[in-house]
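Input: structures, listed below.
Shared between the two complexes below is chain A, which pairs with chain B and chain C, respectively.
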Partner chain A sequence: MRKQIGLKIFAGLVFAFLFVPLLIIVVTSFGTNSTIQFPIQGFTLDWYGKVFENQSFVNSFLLSLQIAFWGTVLALLVGVPAAYSLARHSIFGRNWIKSFFLSPTIVPGLVVGYSLYQFIVIQLQFPLIQGLLLGHFLICLPYVIRVVGSTIEQLDGSIEEVSWTLGCTKLQAFMKVVLPNITSGIFASFMLAFINSFNNIPVSQFLSGPGVTMLPTSLMNYIEYNYDPSVSALSVILMLGTVVLMFVIEKTLGLASIS
Partner chain B sequence: MSYVELKDIRVSYDHKNDILKDLNLSIEKGELVSLLGPSGCGKTTTLRVIAGLINPNDGEFLVDSQNLTKVPVHKRKFGMVFQSYALFPHLTIRENVAFGLKLRKEKKNVIDQKVKDILAITGLEELGDRYPKQLSGGQRQRVALARALVIEPKLLLLDEPLSNLDAKLRVAMRIEIKRIQSQLGITSVFVTHDQEECFSISDKVAVMNKGIIEQFDTPEEIYKNPKTEFVARFIGFENFFQLTRVEEGKYKAGDGTIFLSTRQWETDKRTGTIRPDDIDIVTGTEPNENNTVSGTVKVRTFLGKSYQYEIETPIGALLVNESDDVIYQVGDSVTLSIPAHKLIIV
Partner chain C sequence: MTQRRIPYLILAPGLILLILFLVLPLISIIFPTFFDGGFTLAHYISFFMDDYNVGIFWRTIKISLIVTLVCVLLGVPTAYYISQSPKKWRGLLMSLTLFPLLTNSVVRSFAWITILGQGGVVNNTLMGLGVISEPLTLLYTEFAIIIGSVYLFLPLMIITLVGILENIETEIMEAAETLGANRLIAFVKVVLPLSVPGIIVGSILVFTGTMTAYTTPQLLGGNRNIMLATFLYQNATALGNWQGASVIALVMIVATLVVMKLFNVVAGRMDKRGEVSA
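Let's look at the complex of A and B:
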């Protein structure tokens, strides 16, 4: 019993350590001072309005959304079939292929960003946008393969075999039997990949340039010269967005199954 | 030639060990044939070869004189019922059953009629709009059966379809399967490792052991005249003793006792075997008569409707089941009669 109380206190402290800074940011976003201060002097919602007035925030926000969206869609198009083959076929060296697909989660994002920059922008002379898209596709792919893969592995393989005996080709079986039963995994991996792409800094940082700035980059640029609470306000908006997405994932698949 | 022919089928998963070794099986039209055998003997593998889910390394598979060995699974269109039922979780019962017909692009009213008919035959009319999750084990089993039957397959394949049901339901369902199968006259292959289930449902039984068929016969013939020691052991013969052959139907045991067998003596085999139920404990017989041995009771076990005795004899320890009319004690000396018409030579 005493042990449990000790554990609870410890867990509470850890939680507070993680949570209090976030709380402070939320509070500062409502402050009336022109610099971030805690505690705040008065209450205002002006900074939220400022966020939307700032053209570079809005533009980079829209760009980030688009890149994250299309990167995730690409990752799904490639990742779902790949996850399926990995789960169902005992290809030679399957575990190596698996680790290869998961490697961007192990390799530091800085390295991924730098090598993409070297290869795509410098060597291949691709436009930045395409480099960004490819980079974010690579960020998203491991999440898709991992989450969708685990959903497929949980699916009873004999329902595919049954559909073959009833006359389905392999492709028909995939479309009619596998896909409808892994929608929750696809949805969850979409959300997860999207969030990770949206929040990614290193890859976006390397692959940005004139007119092509992702939200985290433009946020950092802004902080360098300004220290007003609109940064806090923007952070709160992003946090809210993430919380909503996480809530949707939790409702559809459960967070436990993807972590 | 039979309706279904498996010819010298060989299957190896790892190119080292053969899981099926030159397996041959012939099935007549309309028959229900069971594959019976212990776990790992290759029953499922045989069924999957028939279904087309596995390509045999060697051998041929024919149905109705057509060579189907190289025909892929989706073109064979045999009905298959899996142990796990494998219902489509995202479809209603009606959609599950209609799945195969829709793939054949049959007209909607034809599909509806066929689905309705098969749901009636399998007693599922009321459940058409439910999802698999909302059904009991027995109901799911019937949906799996209906889904396989509605496509009017040339062949119905069932892999331990009853093993997930409780004992009572198993009996009810196997009667049901047999009824539907004979009503529709569908040639069927039924995999099981339950002897009673297999005997009650089958026209013929193939007893398998380590990738070969040891005996292929009617249930009665297998029960009465097992051809090999493996088959005998598998269907409840528990007493085995070595004999030497004197002449046709006449054998001599190690201690010199003469055993006559009127059952099966044409082979060159040398092991006598008999079920515990078929040995009698007798009084008033001299132990040196033919087909009798004397012995001492070593262990007595209560089986409910009878007692089982383990009796030490000169030809080895024998298990004997006796009713409770006379109860023997451990240490009693008894004389055992092994009737000539019950003694099998394998």
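Let's look at the complex of A and C:
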């Protein structure tokens, strides 16, 4: 293949567009000035310390981890059996039901959060945090249905039939034969759902209040009134988190499984 | 008999949770917007009679359209480049594309605050070079929302396209070139038509994503460049107008569905192999 210089330069510029802004954030996080500057003067790691001293960042980070984790677990508990049923059984209105399970992606996130807030929190008087968890469950469910569903569809159905013939009940066959064979799909959907729930802002926007603020919302509120390098430092920490997660996914499943 | 019910039984928890916590909440906010004594469309008619609201609606559509176009223009050649690179490189390039996508969107919008702000990178550089004497107003403009949204959604477009373009064999391009097409013509006549399904799926994701996005217009748009999502939030919180917020919510849902339908119709016209699902 001959070298396509023009195309190469074009792609190079696009990648520069994608990464230069992130690099600028990294650089600004080391500046000594109390407002963000680029290029920076001096060099300090103080802003990273400031991030951990900021109680609202720490608390909201812990809340984000918990909500994203439990939202994903709930989605898996409900979604894996549903995906199995949709893939393996002749369900009445199968495509319709599948679209219904994927529908939380069609409703704008802000609307999901707003309607949950109005209905669950205001009208039914649920605690805010339960509304938040339910909102994040709704973010996670479509990933489970889609990824686990396609993993089950690719699994040869005859191995289940063999285990039935050998005396397994349907439940035993599911637990002993199907489940061990779809762990990669479950793990991939867990990662996808967790990352998207952790990063999500619109769904949490209405479902937050005193003591109940997710990290991205907390960061966004901070940016509205502050312009200091601790925002850059927190951004860099979040980027490092992304790198770690990508590394874990690459080593276990290969990144191709989630893109 | 019980055996036959099992598939439905294991679907039930998911269906019930979706009905209770997605469908019912949506109905509970949208239902009242159609009732004012009796059935009425008055809230929607007055929404679309108000120039201010219509302005926000069209600004949202316009920005989404521009963002989608730019993402296609930048995304197709880049995705083609990635799909044609050697396997070892392709994995690395895909990871590089995936990284921004998995990074928080507040972080990615914040990057543009530091670039476009009054004392930001662009203004500092231009003033340092003596090109301008006063800082330009770049942040809190439609331009800022557009560039921030392109930045947000371009990786999604590229990844969607690579999946499709990987299946185009290099031989097809070589054949086109052998038959006398120069590379640009071969690209436009061969690669572009083959990537239509990917462009459609990617465009649906980018268009509906931009149209309903909250973070970017909130951080980069400021108070004068409101889009539908920020307008909804403003109505619900600052103005305490729940009714108005619910009207905007349904407008956003319907607009999303219409856009998806439109793209699918276009796809059906251009590609007879059937509908593309998002």
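By definition in this document, the second predicted complex is superposed on the first by the 253 of 259 C-alpha atoms of A that agree within 3 Å, B and C clash if a C-alpha of one lies under 4 Å from a C-alpha of the other, contacts with A are read in each partner's own complex, and residues count from 1 in each chain.
As a working rule, contacts are C-beta pairs under 8 Å (C-beta built on N, C-alpha and C of every residue); 3 or more make two chains touch, one makes a residue touch a chain.
On a predicted model such as this, the values are computed, not experimentally measured, just so you know.
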item	value
Chain C versus chain B on the shared chain A, clash or fit after superposition	fit
A:P180 touches, of chain B and chain C: first, second, both or neither?	first
Touching partner for A:W164 - first (chain B), second (chain C), both, neither	first
First (chain B), second (chain C), both or neither touched by A:D156	first
Chain B versus chain C, judged by how many residues of chain A each one touches	C
Touching partner for A:L138 - first (chain B), second (chain C), both, neither	second
Partner chain(s) touched by A:W96 [first = chain B, second = chain C, both, neither]	neither
Smallest distance from any CA atom of chain C to any CA atom of chain B, in Å, after fitting	10
Residues of chain B defined as touching chain A within the complex	51-53, 73-80, 82, 84, 86-90, 99-100, 103-104, 147-148, 151, 157
Residue numbers on chain A that touch chain B, as the complex places them	156, 158-159, 161-169, 172, 177, 180-181
In the complex, chain C residues that touch chain A	3, 6-8, 10-11, 13-15, 17-18, 21-22, 24-26, 28-29, 74, 77-78, 80-82, 84, 91, 93-100, 102-108, 110-115, 117, 119-121, 124, 151, 154-155, 158-159, 163, 170, 183, 208, 212-215, 218-219, 229, 232-233, 236, 242, 245-246, 249, 252-253, 256-257, 260
List of chain A residues in touch with chain C within their complex	1, 4, 7-8, 10-11, 14-15, 17-19, 21-22, 24-25, 28, 35-38, 77-79, 81-82, 84-86, 88-89, 91, 97, 100-101, 103-104, 106-112, 114-116, 118-120, 123, 134, 137-138, 141, 170, 195, 198-199, 201-202, 205-206, 216, 219-220, 223, 227, 231-232, 235, 238-239, 242-243, 245-246, 250, 255-256, 258-259
